[in-house]
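These are the structures in question, set out in turn.
In the two assemblies presented below, chain A is common to both, partnered first by chain B and then by chain C.
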Partner chain A sequence: MLVHSRKARWALWAVFLVLFLPLFALPLLVVLGASFATHWSGVLPSGPTTANYHAATRGEALQALTTSLVTAVTASLLALTVGTWAALAGAALKKRYRRLLDAVFVLPVAVPSVVVGLSVLVAFSQPPLLLNGTRWIVISAHTVLVTAFAHQSVSAALARLDPAYEQAAASLGARPAYVLLRVRLPLLLPSLTAAAGLCFALSMGELSATMMLYPPDWTPLPVLIYAATDRGALFTGSAVAVVLMAATLLVLFAVSRIRTRASYR
Partner chain B sequence: MGIRFDSVTVAYDGNVVLDALDLTVEPGEVMALLGPSGSGKTTALRAVAGFVRPASGRVLLGGEDVTDLPPYRRGIGMVVQSYALFPHLRVDENVAFGLKARRTPRNEVRQRVAEALELTGMAGYARRHPRELSGGQQQRVAIARALAIRPRVLLLDEPLSALDARLRSGMLAELARLHRELPDVSMLYVTHDQVEALTLADRIAVMDKARLQACGTPRELYRSPDNAFTASFVGGANLLPVTVGAGGVDFLGTELKVDTAEAVAGARATLCVRPHLVGLGEGPNRITGTVAEIQWRGATHRLYVETGGHRVMADVRELKEPPLHGEPVTLHFASEDAVLLPAGVSHG
Partner chain C sequence: MAEALAEPRTARGGARPRGGGRKPAAAPRSPGALLWALPPVALLALFFLYPLALVVRQSLHPDTGGTSLQPYSDLFASEAFRHALWTTVWLAPAATAGCLVLGFLLSLIIAFVPFPGAKAVARFIDVYLSFPSFLITLALLFIYGTTGIVGSFQFLTTPWGVLLAEVTYFTPFVMRPLLAAFAQLDTAQLEAASSLGARAPRIVRQVILPEALPALAAGGSLVLVLCLNEFGIVLFTGAKGVTTLPMLVYGKAILESDYPGACAVAVVNVLISTGLYGLYRVVSRRAGA
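Showing the complex of A and B:
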């Protein structure tokens, strides 16, 4: 423990709460409060109701939730596959080429996501690859945006993986593909699930690139929230935001359960 | 199946870590590669396993040139210091790994896993995970896993160095028993511990600075080492700089009677005497000096005696009244217990 005296520890807790609560917790609490309200003119919201949730779990909002979940799951799985593949390939490369590969994957994160959205829009609005107007343009933009995180987290895990395991497997007569399937990937499973969770959460909340790309029949939740608040329906927007938050946390929780079971040491 | 190193050289970025190694391990023989860290002994083992590629030279297994074969086609068993048991697999799945990778029929897998676990005394732990086992048990599983594929060559890379002293001597006895039960398996045993090498090996190859320094049976290397490094690394030795005279040698003005048949008179040489063959008190071949340090080791006392800038070690039976620091003492040794080595080496 860094701080030993009991008093100092209490003081630190106090400082932490003063800094943490207003910045991190309070805004979320406000959204939660607003989602149950019809008015908010005083200090606290008033007119408690569940009507906002009634609206937030039906029709257009439910459609958007499904859209977001399908987009996020598809994008995360694609990103995980591509990112892991690239990380495995990169691990076998020489240092110079590996750096180059890393840079390529970090690029979509380094540039503003609006730029990514625009470039995807421009690139895929013309034949031969005409994706504009379909759900696939949203999904591919999300994939491009989150692959960096999958690639980075799997790369880091690969670098930490003791080569003794794959060498032991090889000496026992296992071919490289068998070693990958039976030894390396299972040992990477904890970081693969962590990467999947991160990609999913990022995709669930993505707005700026999505705004430029989404077709009318494929409206993800963040777009819906933005539209609701934009037209002044703050309380309905809050309820939809809480639904988005709850759905994301639920999936992350499920993923972390898998992760706990997959960590061996 | 024997192992042959045919002038094997390994270099990393122009840095030679194994220099033209020539060595043959006979079928069924236990060969220890003994040396300090960085001596190239692990590199030699990894060249047999196929994890390092020689810059030149060939590696042969049972007469077949395997230099260009990938590790998974060499059919060797390997046990490493960290055990490298697969943490996500149970003990029996770990042992079955090599068999399944070779698509062995299921019945046979079951039978051979049971056999290997029986052989290493781990049959009762088949359904545990590696993390639930102690270090010694993990080591047994690692050995069972390597033996399950019935390799004709077993490579052991410092297999006991992660174990504590008591477990180590137990596992040493186990390995000796395994070797008796599997007389056809050649073993290449890499270690920096001379006790392990002396106990287990049929022959010892002493390595230092990327080169093979000596190779012979433990008895040969211990009784008549042919260089100073071997003498001090195998068993520990006093290495005294001497000048060869007629019928004896001169050590700092003291005449010592030893066999000088193979040395030229007037040449500089190194006299090698094992500490436990040095006695305290009057006798033939006296060396006098003062006690620089004295260590009680239970059954024996280890004396370090300072004489003319050199320290002579003597292991004597526990003394009732051990000499004090700085006290002048006389040491002696029998002529036939000393070996004369060529000079030009470091003195211990």
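Showing the complex of A and C:
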């Protein structure tokens, strides 16, 4: 305990509440409140209704939800494969090469996602690989963006892994492939699922690169939310945003269940 | 830490009969290890580095023909670009500083002056990180928008509105590494300092802050680069007055179909972001992170 005086402690807690509630809790409550309302001209929303959700769970919005889910799941699985592969391969490299590999894989975080979108659009609108107008252009941009995070979290976990297990397995005659499949990957499973959750959440909320290159028949949820708020339908937009948050949280919860079961093993 | 571990492993690797595998054990002279690293690097090159190179080429050598620095000279001559550059360059460090101060203060209270429900708050921070940034602007539209709680107050269309949204959204990115670092801090150190007569501000300055520096540096560098590249928050304010470089890229490419111009802005943006990020990494490593 850092602060012993009772009065000082209460003062600090008051400061915490004054900063925390308006900054972090209020925005989410406002979006939630607005999603059930038709007007907001006073302190509280008015005109309670569920019509916004009616609009947010069918037709265009439902299609956008499936689009987002398919994109996020595909991009996370691809990113997890590539990122884990790169992290495992990097761990076997000399320090100099490993540094280089890490730097190349962290680059998509430093490059603005709008620019990633622009570059993918420029590159795949011309002959060698023509993806423009298909869903694959959205999926490949998302994959590029989230691979960096997958690689970072898996290689951090790899650095913390106790080498004794794999050395024991190898000394007992296990081949490298067997050590990888039966020792290292199971030990990494908790961080792999955590990385998968992170990638999924990032891809679900990705707007910047998507705005640059989405084809008309592959509109993810964030684009739909922007379209709604841009034409002034703030309340419908909020309902769609709540659907987006709920879908993300549901999947994250499911993924974290995998993690806890794996860690009991 | 990783280097300390790698040393004995390398030494032991030679004695191991089937030393192969992909661990540092076999690393020093194994061409196999490099070969294994090839497929992911090739994929990244195809989907990320090659498109980026095309953007650079497009900015210097547009499809319409000719090689010139025309897009760049046009760019630096234009008022809109200089304005966007300035807005981007002051907003990002300001938001980062705000996040660091606020995040440090809030994490300090959660970790060292715990209250009932502090655990739930920490969990809430984790959940918060998984939401997209534009939700904050959406909420602020209701609070400060034309028909909002605070009334018709054109706050959101100023850079201060964007700053508030960025500080709100990115503070948890600083708090998470900080809370993890605080959880590993040995409380005996605090008690020893306290029993020797140090008061809370001094303990924070001399015991907690040095321990938190790596986490602050890591969180700060991430937030800085994310703020430089933030697009959703600015897009959702719908403000004409606040244009950042990513907004300019979007405007030029999608709204005006001026691809050489957009590519030139993109190159400038990438140079600033990666340059600042690299600088920050070097500085924070020197600072003992």
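As a convention for this text, the second predicted complex is superposed on the first by the 250 of 265 C-alpha atoms of A that agree within 3 Å, B and C clash if a C-alpha of one lies under 4 Å from a C-alpha of the other, contacts with A are read in each partner's own complex, and residues count from 1 in each chain.
Just so it is clear, contacts are C-beta pairs under 8 Å (C-beta built on N, C-alpha and C of every residue); 3 or more make two chains touch, one makes a residue touch a chain.
In this text the structure is predicted, and so the values were computed from the model without any measurement.
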item	value
Most chain A residues touched (candidates chain B, chain C)	C
A:172 touches, of chain B and chain C: first, second, both or neither?	first
Partner chain(s) touched by A:181 [first = chain B, second = chain C, both, neither]	neither
Partner chain(s) touched by A:225 [first = chain B, second = chain C, both, neither]	second
Partner chain in contact with A:15 - chain B first, chain C second, else both or neither	second
Which of chain B and chain C A:159 touches, first, second, both or neither	second
Common ground on chain A, meaning residues reached by chain C in one complex and by chain B in the other	167, 170-171, 173, 175-176
Contacting residues of chain B [partner chain A, same complex]	49-51, 70-78, 80, 82, 84, 86-88, 97-98, 101-102, 129, 131, 145-146, 149, 155
Interface residues, chain A side, partner chain C - complex	1-4, 8-9, 12-13, 15-16, 19-20, 23-24, 26-28, 30-31, 34, 40-43, 82-83, 85-86, 88-95, 97, 101, 104-105, 107-116, 118-124, 140, 143-144, 147, 159, 163, 166-167, 170-171, 173, 175-176, 179-180, 197-198, 201, 204-208, 211-212, 222, 225-226, 229-230, 234, 237-238, 241, 244-245, 248-249, 252
Chain A partner contacts - residues on chain C that touch it in the complex	1-3, 5-6, 9, 12, 16, 18, 20-24, 26-28, 30, 33-34, 36-37, 39-41, 43-44, 47-52, 54-55, 58, 102, 105-106, 108-110, 112-113, 115, 121, 124, 127-136, 138-143, 145, 147-149, 167-168, 171-172, 190, 194, 200, 203-204, 222, 225, 228-229, 231-232, 235-236, 238, 245-246, 249-250, 253-254, 259, 262-263, 266, 269-270, 273-274, 277-278
Contact footprint of chain B on chain A as seen in their complex	162, 164-165, 167-176, 178, 182-183, 186-187, 189, 262, 264-265
